[in-house]
């Protein structure tokens, strides 16, 4: 019996990059949060502090900024692929590079003026090894609500069940979704916007008997409309809105006045996938 | 010499209200965070725990929800006035009621479907006493950036100054602004949108030699275009974007690649006011 | 009628300073978050962008770090006084300097090893003008709970009151307190610890009929035991713990099982003061 | 080719439980944040909204509170096991139950008075299936610093490397660690405290040539001293402290004055394991 080093990785997290592209008087703006994680033959630094296989995380940060100048920055997937490939190709001891990007959208107010949008964050997680390349895109912080067209009944009643059945409730969630691409080339912006629209449309148009049903509808909508995608993972908090009991004040409440709850919340998680696609080459949830 | 009770107030903070207005199949949605604070003859509860002058904060919460049903909810200023007046009028021992509302905007996706916007939060602080009514409106979390048209030079150099002068920098801020109304009646939505537009336009169109200059321009723009307002207070963090030194990599950086800093940040605060208006009747910064 | 510049200030916020003091092999550690705000003759930069009266906020940051080396850092009040006086004394156009410090405590684990404590943050706000010096100390994030010895009854019942009276409840709060010193010299560490102990002891030992009663008791305890203090301001959120109704499961709940609520919360704010002290020379709540 | 439902689960997240145990006048206090996730035969609710296999998340919340009364609450692992087993045993369609608990420590101030500690959060993740039981314990938010005894040199230099080698730096991290137990019975409190002490001691006593070396030392220390544990996973952010360049002010900086950085940060992640233990029965990172 021995105590041994298991799976490990290291990198620089949350390098905040703002890239201005100047086309005469009209400027473009890209705002990213970039994280890099490398794994490979890293036993020595763990065992003895021998860093001869360790590229400093500071150098990863420098690479992000230098690449932003050398190559420009547009789609997060493209930039993440560029970075991940660079680390695998130039570092002999690195077997795998994972680059994660959060992309923050800004609306144009003028030739060089912008307002941060704030309604959601676009994400990507790219994992490159010597044999494989995997691209995952996604979104976080997309908060959606249907004020009706949601029911919940017919559920299990155990001895701890007090929830009344309902044919009318608010359904609200903050979408955290990721989807895996089949290829490492795509029109990434178009693909992202298409997936976002498909997901949002499914939320809007599904008459919901459970948030699970809505989740599957959203995932199916994405895969149906985006042939370039293999699978979708959704984590949907059920942001509860509690109907206020106004009867003590002699008032009815016909689904009009709600408490927006913080905690606890339901959490519905699920994967929707094609049944004939190759498996993921790297874990893409973490 | 004695130890005595000084100024005090109490109330219920952060009552989360979602109000759905149903007009046939088309629903309206209002999403508020409401805080109430009352002051008056409250010595007894402090001194002896005699609560005979104390309306429970739980009742304030109930009032928020009941009023949302009875009166409906549209403009935050109107709802805050209704609540504040109610507490002063119905509670003999209350001299002053302050109601604060944060209003979260949602974009319509369908007849009963919405997406939370997230680009800024509209605020109001209403203070009602037996003699006076004061309405303050405002905005928080409005993040703006100019990628050029900003300089900073000619400043004081002391022995701790190392900052180089620049004729080209990014100017970015997260606007936290409040403005005091001259009256307690207005077209509140129109007034808010007008103030927001005036402020944003001034940010966009000011060629800036200092964030202070931009601040005064923003406040002046609001007061020039909104005769219903007495004064504006702005707190503008200078969200620093540091030019990355790419010279070690043989690269120039012509104001293209920036580090978006977290801390520290500059903080520019100022009031812009008309010189002939009555003073505020209640502190409106807290 | 004209639109004019009103009160204003500017500075560098949240300069994060870690200072190691080396006494042979045994190290001392100070961990501060320092904010500086200056006011004075600053009209020119607002009106025309003339920065000839503007010390860059970057220089303020540099001063924090340079002073940490030159003078060492121990008590936050002493360090804040040093900085505030420096800016007033060396900058002709500055009338007032306010320095705010958050101090984070670390427990010693070894000669050069430490663990961050996290149970509260010590604060100070020092304001220096050409004529006056004001020192305020305080604490935030001190979370206290009594699981009994708290009642709430005898309160006003209006038409929106549904809260039952109780002779047994949890009383919990997150103390946010500030206290103003009468002088600009003191044994600051001893004074802070004494005030903290007095406040905590009063919370523990007060049989409470209202959180207001507890607040006055806490403030009085501080002033009674600390003659160097003029007044205390307390903001005490009433962190509600709701008794769970277990009757549907055939279980009693004798004040044993509670929901810890997030929002809304009560908010009790009050000042306790000596009746014979000079007034504050500068606003100390903001 | 078809689009199908993949792995999924659902539950109630962040049920906030405060449990008071009354032993005469002396009270005990337990403060938990409990999350439940169930998986099993849940296809129907996804496909058609048929909820006949769905126990409401509201019932899970009720179960947490009812069990807190029926069984009392002490060690988080015990409580999590109780809950997880309950759901698998009583719900025919549930194959797996995962219960996560965050436990917040309070220091005693009196027989019924407490102060929240805040220096770290104890965690547990228990996963129960019909065949297996897996218990993971852990800690988050444990912030540690060595002000010396840390070097970093001998690393790879690529064309983007500018970091100087150093034989003297601050090493600081916020430990996020989890460890998997070999059995489902233990003296959980003693095991937790032992693991925490082993980990902290290793951090303090390791002369570090890289944070990776410290990580392996910490994990090895835990496994060496706790035979009941199979493996440890550590995620250690390298909380950078940048030496301030004081030379422009004519000052030396002998590792005394540092900027505590926010972002970016290094992130070192690794697993330390025994080489002869059975594999995990369920994913324990998510």
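Structural remarks
Letters A, B, C and D mark the chains as written, and numbering starts fresh at 1 in each.
We take it that a residue touches a chain if its C-beta (ideal position, glycine included) is under 8 Å from a C-beta of that chain, and two chains touch if they have at least 3 such contacts.
Labels paired with UniProt names: A, B, C, D = Uricase.
On a predicted model such as this, the values are computed, not experimentally measured, just so you know.
Listed by label, the chains touching subunit B and subunit D alike are A, C. Of all chains, C has its CA centroid at the greatest distance from the CA centroid of subunit A. The chain pair A-B and the chain pair A-D differ in C-beta contact count, and the higher one is A-D. If each chain is reduced to the centroid of its CA atoms, subunit A and subunit D end up 22 Å from each other.
Spacing of subunit A relative to subunit B, judged by their CA centroids, is 31 angstrom.
Multi-chain contact residues, meaning those touching two or more other chains, occur in subunit D at positions 16, 62, 66, 160, 162, 248-249, 262-263. Against subunit B, in their complex, subunit D makes its touches with residues 159-160, 162, 248-249, 262-263.
By the touch rule above, subunit C contacts subunit D in their complex via residues 16-22, 27, 29, 31, 62, 65-66, 68-70, 106-107, 109-110, 112-120, 141-149, 170, 200, 203-205, 241, 244, 246, 248-249, 251-262.
By the touch criterion given at the top, residues 1-16, 35, 37, 42, 45-59, 61-63, 66, 90-91, 151-158, 160-163, 208-213, 215-216, 219-220, 223-224, 231, 237-238, 263-276, 285-286 of subunit B touch subunit C in their complex.
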